[in-house]
Amino acid sequence: MRGKLREKIHTVVFESDTAAGKAFDVALITLILLSVLTVLLESVASLRERYGAALHVLEWTFTIVFTIEYLLRLYCVQRPLAYARSFFGVVDLMACLPMYLNFFIPGAHSLIVVRSLRLLRIFRVFKLSHYFQEGQVIVQALRASRYKILVFLFSILIVVIISGSLMYLVEGPASGFKDIPVSLYWSVVTMTTVGYGDIAPRTPLGQFLASLLMIVGYSIIAVPTGIVTSEFTRLRGITRNACPVCGAEGHDPDALHCKFCGGRL
Amino acid sequence: MRGKLREKIHTVVFESDTAAGKAFDVALITLILLSVLTVLLESVASLRERYGAALHVLEWTFTIVFTIEYLLRLYCVQRPLAYARSFFGVVDLMACLPMYLNFFIPGAHSLIVVRSLRLLRIFRVFKLSHYFQEGQVIVQALRASRYKILVFLFSILIVVIISGSLMYLVEGPASGFKDIPVSLYWSVVTMTTVGYGDIAPRTPLGQFLASLLMIVGYSIIAVPTGIVTSEFTRLRGITRNACPVCGAEGHDPDALHCKFCGGRL
Amino acid sequence: MRGKLREKIHTVVFESDTAAGKAFDVALITLILLSVLTVLLESVASLRERYGAALHVLEWTFTIVFTIEYLLRLYCVQRPLAYARSFFGVVDLMACLPMYLNFFIPGAHSLIVVRSLRLLRIFRVFKLSHYFQEGQVIVQALRASRYKILVFLFSILIVVIISGSLMYLVEGPASGFKDIPVSLYWSVVTMTTVGYGDIAPRTPLGQFLASLLMIVGYSIIAVPTGIVTSEFTRLRGITRNACPVCGAEGHDPDALHCKFCGGRL
Amino acid sequence: MRGKLREKIHTVVFESDTAAGKAFDVALITLILLSVLTVLLESVASLRERYGAALHVLEWTFTIVFTIEYLLRLYCVQRPLAYARSFFGVVDLMACLPMYLNFFIPGAHSLIVVRSLRLLRIFRVFKLSHYFQEGQVIVQALRASRYKILVFLFSILIVVIISGSLMYLVEGPASGFKDIPVSLYWSVVTMTTVGYGDIAPRTPLGQFLASLLMIVGYSIIAVPTGIVTSEFTRLRGITRNACPVCGAEGHDPDALHCKFCGGRL
């Protein structure tokens, strides 16, 4: 009988096919959204002064609910350790922990916003298979181009180190380049075209070098874009029409024979 | 006879095939441009002081003309409710309303700039079918990639929430991160590479985390670009014609013979 | 005999096949670069104080040389009017004019930097046909997508007008949004992700609306990129291999028959 | 026997197939990373005050080790001059030089960060052939589009010169446009959408012109992206294998049969 209760909880908590399961999931997502909103509002000084106590109570309520939910999940799954180690298991734990950590490290409770990661469940709940599938395509495109992207990031790193140090030498502390780490930060801010302006070159030579760096940063954005785009185009090609003989997919629109079994399409 | 007048008005107001209809449309677009310009100029303090009265009269004149035009449209269409609910119907109404609302909410009249949406008629008036068709392709490409784009925006949202809260913890009010909502705003400003600089990290750790966020923001712009580009490429491919002999698709728009069987297209 | 002199001048001034013509062109480009550099240096206060007189003499020397060159060109071409109206004819004239205009409008001589447009001759001089051809491809790709790009710019214009006016209402003069034209300027600065930070929203609502605008601006950069990229991909496809029967180009790499004459490739 | 020692050193220093060679390379990369880190930390004022002496000793130690390594490399290669002139030869020399230069030019030792270029060896050491191959594809794509990119950069240069000078005339020193070189710097900052905000237009006309420049800058980023993307797409197409039966190219990497004749690939 206890096993049956466990199974029942499992259906409600982990699945969303039944009415109870779906209601549970919708309630959960609403709670997550509300709890993130609470943390946001609690951080605003004027609101904290007025409604501080109420918001604090709310935060604890959400945390206790999420803790109970986490324990329920641990209780009803067949292999608790596997769940605890899975991506969502870790996220679920981290959704409760910061509030308790707050006793030891003041301010840590702001980390509860990690709860927002739990929103990823949204795709499962509403059976948004469309979204999920498309998300898969994006992930696949990024994975297929991971080597190229890493090479790209590594090259950027080297450009950042060299240009940052050069600017430190050229501009010096007077323009805000007070040490090399700050100059590297400036380099990233400039290459990515963010450009805060808190640190900016003032000498003619510094401005000239910065201009070169900007044009480099502006131009090489073409590289990751080119990589990912050609990957998307390829992935689209692969998911095209199926062979009537062997059922294999991925034929070009102009193919006359199946490229796997040779059968006429 | 009244029905005839109505039909006549309809031809002038809604169609642009006749000389009168075209003249009406050109006059309307000129009026829209002038009225938007009036609102712009009226907001400039120095001009308002000198020409305030004249500009105010102009604004009211335009509003009355547009109100009459709106009533005429309502009068001469066969199904007024359908028009009133259509996109252009709502826009036409909103082009008049703010001026009257001004009696109740001071400053509301600036909303008349919604009138600029009426300029979309420009494409219909000048029979800019080319433009219209190309606009369709853009809309189609965006619609086809709507799931991917939503997944992308959702992921950005989660990154913004987590990175913003983290920066609030790391930097604190001293650097301008006075609460989490402001930190989220900073996150968006940074990830989209806008970078105002009104809020900027000052601690080494904050600058390091911000650098990571920038590189993420800079790199993932490749994702929407890749999605939309591959969609454009596909749409172009689809509009190629099929061979009447062998049925193969994928011919260039300038092909005279099928590239597979050599049959005349 | 006079006609012969004219022809000789024409060969030297307009063509770059002969040694004299090439020398003339190289000298001309050097002069253009030096004259642009002179204007740049002359604008720097510290240099103007010290070398003002010398730089002024240099500017006049360049201008007189370019004026003589312009008159020579007018003299030796068969149809002076056609030359004077051509792109390079207008640029050549504008390279001299600002200096003389300076007598009437002080400061106008800075416009001589229009001379830099004359540098476009560089592609002709060094027979950089490679560059020229590639430039053609870029121009062709942009021309083919001109309708889409105009629709895109028109949509941006409407978004800028509406979002700018909305921000003027929400933020008001306190945050720097002193009138609608300035707010439109802010809108462009934000949508294009430039983000100077001289004007920035301060109210929570304004920051929220600005965040939306940023994400829109960040996302829709995918549209022109998608348009131009798919155009480049198509243009590349068109310039592929030629048919051995009719010589037509533009076949796909996998075509078996010429799509124009049906002959086997 | 001396030749044998030389050969042995060569194996250890230049190759990474043997255990000793691999250990040497890993140690080298660790040293490079540590030495770059030392320079970074040494530049921070607070750390320099406390640990200045220790960091200085570390810097010298690394430099001496790298100098010995450089001399060893020179000693054991068969053609020292060829090595000294090669890319890595120059980098290896520049990794030692700045420290010695410091005796003559104070501050020059910061240039040691050029050492970070030595990290490029990382790809060779860990036999990251995947990365290397992908890096090749990126380089190949950039090389194939070099003419287009140069034409693009040249056009940007002319736009920068003309728009910068125009803004100098329109805005003048009051808004920070103190001379034309600074205005050119502003132009680059704006066109690349970096937007520091240290210099920003204040007059309505200046803000209007700046808006146009921003939209141009925002739109033409599509050009390099389009160029590089279509190149990536083409390179992918080229690396598809040809059919041994009919010779047709353009098969997917996972195809087993020719899609045109059905023959086994």
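Letters A, B, C and D mark the chains as written, and numbering starts fresh at 1 in each.
The rule we apply is simple: a contact is a pair of C-beta atoms (placed from the backbone, for glycine too) under 8 Å apart; a residue touches a chain by one contact, two chains touch by 3 or more.
These figures come from a predicted structure and were not determined experimentally.
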Residue-number overlap at the subunit A/subunit D interface, same or different (half cut): different
Chain located farthest away, centre of subunit B as origin (C-alpha): D
Where subunit C and subunit D are represented by their mean Cα positions, the distance between them in whole Å: 28
Sites on subunit C at which at least two other chains make contact: 181, 184, 193-197, 221, 225, 227, 229, 233, 252, 254, 256
Contact footprint of subunit C on subunit D as seen in their complex: 147-148, 150-152, 154, 157-158, 161-162, 164-166, 168-169, 178-181, 184, 190, 193-197, 200, 204, 207-208, 210-211, 214-215, 217-219, 221-223, 225-227, 229-230, 233-234, 237, 248-250, 260
Of all residues in subunit A, those that touch subunit C in their complex: 193-197, 225, 229, 252, 254
Subunit D - residues contacting subunit A, complex: 36, 39-40, 43-45, 107-108, 110-111, 113-114, 116-117, 119-120, 122-123, 130-131, 133-135, 137-138, 141-142, 149, 153, 156, 181-182, 184-185, 188-189, 191-198, 221, 224-225, 227-229, 231-233, 236, 250-252, 254-265
